[in-house]
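So the structure is just underneath, and the comments pick up after that.
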Amino acid sequence: MSGAPPFKKVLVANRGEIALRVMRGCRELGIEPVAVYSEADAQAPHVRAASEAHCIGPAASAESYLRGDVILDVALRSGCEAIHPGYGFLSENAGFVRQVVDAGLAFVGPPPEAMEVMGDKVSARRAMMAAGVPVVPGTADPLESDDEAVRVAAEIGYPVMLKASAGGGGKGMRKVDDPSGIVSALRGARSEARNAFGDDRVYVEKFVVNPRHVEVQIFSDAQGNHLHLFERDCSIQRRHQKLVEETPCPVLSPETRAAMTAVATQAAAAIDYRGAGTVEFLYGADGSFYFLEMNTRLQVEHPITEMVVGVDLVQAQLLTAAGLPLPWGQDDLQQRGHAIEVRLCAEDPDDGFRPAPGRIESLRLPTGPWVRVDGAFYPGYDVPIHYDPMMAKLIVWGRTRDDAIGRMRRALGELVITGVRTNASFYRAVMDHPAFQSGRYDTGYVAAYLDDLMADHHDDDALVALLAAAVDAHRAQEERARRVAPSGGGGGSRWASAGRLAQVGR
Amino acid sequence: MAWQITRDGVEHTVDVEALGDDRYRVTVDGEAHELHAACPEDGVLSIVRGSRRWEADVVRTAGGASVTVSGRRHELGVIDERQLALAALGLGGAAGNDNVVSTSMPGKVVALLVAEGDAVQAGQGVIVVEAMKMENELKAAAAGVVSSIPVAVGDAVEGGAPLVYIDPDGD
Amino acid sequence: MSGAPPFKKVLVANRGEIALRVMRGCRELGIEPVAVYSEADAQAPHVRAASEAHCIGPAASAESYLRGDVILDVALRSGCEAIHPGYGFLSENAGFVRQVVDAGLAFVGPPPEAMEVMGDKVSARRAMMAAGVPVVPGTADPLESDDEAVRVAAEIGYPVMLKASAGGGGKGMRKVDDPSGIVSALRGARSEARNAFGDDRVYVEKFVVNPRHVEVQIFSDAQGNHLHLFERDCSIQRRHQKLVEETPCPVLSPETRAAMTAVATQAAAAIDYRGAGTVEFLYGADGSFYFLEMNTRLQVEHPITEMVVGVDLVQAQLLTAAGLPLPWGQDDLQQRGHAIEVRLCAEDPDDGFRPAPGRIESLRLPTGPWVRVDGAFYPGYDVPIHYDPMMAKLIVWGRTRDDAIGRMRRALGELVITGVRTNASFYRAVMDHPAFQSGRYDTGYVAAYLDDLMADHHDDDALVALLAAAVDAHRAQEERARRVAPSGGGGGSRWASAGRLAQVGR
Amino acid sequence: MAWQITRDGVEHTVDVEALGDDRYRVTVDGEAHELHAACPEDGVLSIVRGSRRWEADVVRTAGGASVTVSGRRHELGVIDERQLALAALGLGGAAGNDNVVSTSMPGKVVALLVAEGDAVQAGQGVIVVEAMKMENELKAAAAGVVSSIPVAVGDAVEGGAPLVYIDPDGD
């Protein structure tokens, strides 16, 4: 608005809700967004939201959204000055970044070098240790002997975890609570690892008790400013998939927050970062925290930070990618209130959360105060089988955490999606659940309480559903009778002419 | 008009009488419920009983209706008198489908775990369908012998499509 | 959430968007809202949003929404503990408040005494003068002589306005810029007043140059706390109807803001106010401000204050009506960023803004970051002819005023309403207009720039509209041909079965 | 198939040719436009010309269509070949309606300002309709003589209803 937009035209190399989110940021800055899409996505919401769109290949991501060469070609031909990758797909592909920059375009993200350092677990751990960032204490290298195991475990402090070097899937893993158990646990872990992987090497790492997943949003510009935008708690997970995120973290002390955000900013500075990034930590029940990994891109859950800190992260990405300084300094940023996000997916919580693509019949979204929907769907949309089942994110803000929970309950109560199954009812259960309401939960929450969360007692609603089905069947039959005797003329009932009902030839 | 409506595996005999002006008397297993049911928007019934209101979103399905009330979806089987009579004569298509393995999810067949003529146990995986990057193994509901498999590996299948027919034991 | 809700059940004695707004506040606090409706509103959005609703009479407001006796009876019979009046209808009816309180229920609003003082212009002016609140300087009483006129005008300072005591409609009004013109102006005004009203008495008042309408949100509780929540600028008006509101006021200095908010809080304390209220001021180009009136209820434009100050005014109304103290003190309240609201009405800006009721065919609302829709409409809804044409408010927030304008442009770009005409295109023009963008406007803005705002140049879009109409006509005809030859079976196109298209028998 | 489409008072001769797969060639007054027009959602056409996209919301009206593009509504008159031929023979209903005062807004008649047989000037107010608490005076489009008034004070009228018929001068 004030002054020229940072770019005239930006290609959004993504689909779904994040493509729409980025396009909104573009339009608000006066930038024209250009969409790309696979053949399966010709009528996708992100295409409908664009005034220019280009097909880049067949449904399979490897043949479309991952084709950096085709996307770069579209960007050049359509006169784009920059490419925003969203998250996923090409967003953390350093090779693609180099091609974009070599072609003379701006990449909305960090330099490839920072991406590469953080893209590899070993180099990331090494860089973070060098930068003074706490990592989970342990050896990383295999233990040479029982004596070494006893010595290292004593150094890092019990409980510890023995893990198979060749490992994965829990095989060769042993939790050890005190020195008396370590030798026998080592024997057991080695034997199990040998049987599972043909390799009996094990290493020792600190066991973080009841950990929470707490991450810090950081932001850097080309002028060398490295800021943080406080933390997000993403501990409500199922199979390492985040489901509910909130900020502030309900159990973080001001001191730990200060230490964690300082460390995250340090991490960004150490790798000459630029743009938006997230430093993820494991936060133990004892108040300790350890570096997990850094995501060198916009995060799915970025909206809760936006709501509480009051800044637009996508707009800031676009500005800094154009070489402009960040529009705010660290002192301008404060947390106000509390925000919660839930991820609405086309999946069936009553059937093991299996993906449930299909056609959305009706869609009524919650609106009103402090309810934000970042979504990519519309009535009549066929949620395709080819991509991630997340259709939308529902984000609320409240002055207090209780306010935010009350608002999320209200918003979920207004939401109606029919035609595809969704996990919305699961989130209702979470909001009503005492362990969530108390704020005292950890990454084991969903596994621990799944049965509670799936319980369902709504006798009244079930009767109403039956009555509605009966009345609907009656009305359908009346309508058929009316159609057979075509005396009525133009005055047919709205119900009868309902498109989505007429499609099913009952 | 009378209907047989199945909810959570329980069959109910339901009679609907229109009283005019969007009012209905619905009798469920002999118990009468008077209600007002208007349609403010396509696919929505606003149900009023006494002073209480509900919004019911109705999507018609092949065998009945999928009704969402207070954010919860309820799957109902709906059969009318004539279908019922035909079914009693063995002419209708209203019989159970325990002997068909089908997918409620559209997707792609990625593996067949059985072949025609194989004996299967209840709960045994028979076919794998992929959608949204996730594989789902579908299981036989009851023991029997695979009588036919109308799909092949690589086929794209619609939601509700029959995938494996199983001739139940002792039938 | 934390602790019991302030009430179990609250009757919402209103309709339209404000009824939905209040119901959301109720639900978020765990209160069950009860709706009332006229016969014309049986399928109205506020009824659909309630789980309990009662019909209170025919369409005419006087026979339904203004029937305090019937509404109170419904509240008692349905077990409500309080009545929230919204705005308009019974919200400033002191007699109704007394009936509610006498029946043992809580009224969500101020005590009847405060309402009465402010309900009468003369008593309000008197009370405010006594409380030290600046009112427009002048005599109020008729001028006895030319000498008195000269003396009083000199006291209050030029320019002044002479007004007919019996007056109205601009008759007998004369603006006087300096002492040299006052005697002849007085003669002119007297003569005109005599001709128009048979009464030649005139009085003199300060003329406020290029005034803006700036108002202060105040809030008081039963414990005697009187707070303010800063100002709103509502100068974009057409025929005294507010169209666009924003906060902060783009031209208010910090000193004037401090003075104005202090005076507003003083006004509330002087009349023992309770609940939410708004003190309206005329703000002159010279930085002076004068009390206009006080609205003793929730204001239409309250959401922009909510967005910038970060508090829920409806929840606070419910808490204080139950006798609880305000959940925040003055020091907890800060302005952050900038918010703008526009009022979406079923009216046709191309035809003198005439009301345009009718059926909404399609409705696609903007979502995403910092866009709030407080509305009462749905696809298929018949906007009734009986009530106010306002269907919804579109509210945006941005970190800066420019950010907010960019966001409002984006949100208006996403909005689609067909079937009824709306004034949305007028707001697009305002957001694009340099005089609005500069922030330097006054209450004469719409009158001054109406021609600019109505200009329309979209040749490309007009061609696309023609092409779309042609393709649609073609498809309709193909569909008719297909229906005549019923070979197709169940596979009809979705378009063909579209309910709202099928209704029109072309 | 050919159409006559009126936009802002200008008549265009329009020919539509379906090329299959949602592609069309639309010829407007001899100039051909190739475009892609799909229907993602009821009442919406996604129009693609070259690399540009538009969403057009189409609501069919009695005489044509009301099309919203980029937030602006365009009213179009649409007449097909046959209606055109009938109109040429004086049989169709496609003539102008300058001689009818009608309301696009449903409401209630609150005052009649003229009576049958009265001479009226262009721009003269003839009837007042109230809706949403606002009175609207409707004016004669051209001079003439009031030939009939099918409504009375107090009547509720629908949008588009004819209220006053005026026999134009010199016709």
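First chain written, first letter: the chains are A, B, C and D, and each begins at residue 1.
Assume contacts are C-beta pairs under 8 Å (C-beta built on N, C-alpha and C of every residue); 3 or more make two chains touch, one makes a residue touch a chain.
Please read all numbers here as calculations on a predicted model, not as lab measurements.
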item: A-B compared against B-C, more contacting pairs; value: A-B
item: Length of the line joining the C-alpha centres of chain A and chain C, rounded to whole Å; value: 38
item: Whole-Å gap between the CA centroids of chain B and chain C; value: 49
item: Length of the line joining the C-alpha centres of chain A and chain B, rounded to whole Å; value: 34
item: Chain A, residues touching no fewer than two other chains; value: 378, 380, 413, 494, 498-499
item: Numbers and ranges of chain B residues touching at least 2 other chains; value: 41-42, 54-55
item: Chain-to-chain touches, reported pairwise for every pair that qualifies; value: A-B, A-C, A-D, B-C, C-D
item: Complex contact set, residues of chain B against chain A; value: 1, 3, 5, 7-8, 12, 14, 16, 18, 24, 26, 28, 33, 35, 37, 39, 41-45, 47, 49, 54-62, 64-74, 76, 78, 80, 104-108, 131-134, 136, 159
item: Chain C-facing residues of chain A, complex; value: 1-2, 20-21, 24, 27-30, 49, 303, 306, 310-312, 315, 327-328, 336-337, 364-365, 367-375, 378, 380, 398-400, 402-403, 405-407, 409-410, 413-414, 437, 489-490, 492, 494, 497-499, 502-503, 505
item: Residues on chain A engaged by chain D in the complex (per definition of touch); value: 42-43, 47-48, 50-54, 78, 378-381, 499
item: Residue numbers on chain D that touch chain A, as the complex places them; value: 38, 40-42, 46, 48, 51-55
item: Contact set on chain A toward chain B in their complex; value: 346-348, 354-358, 361-362, 385-389, 412-413, 415-416, 418-419, 421, 424-425, 428, 456, 458, 461-478, 493-495, 498-501, 504, 506
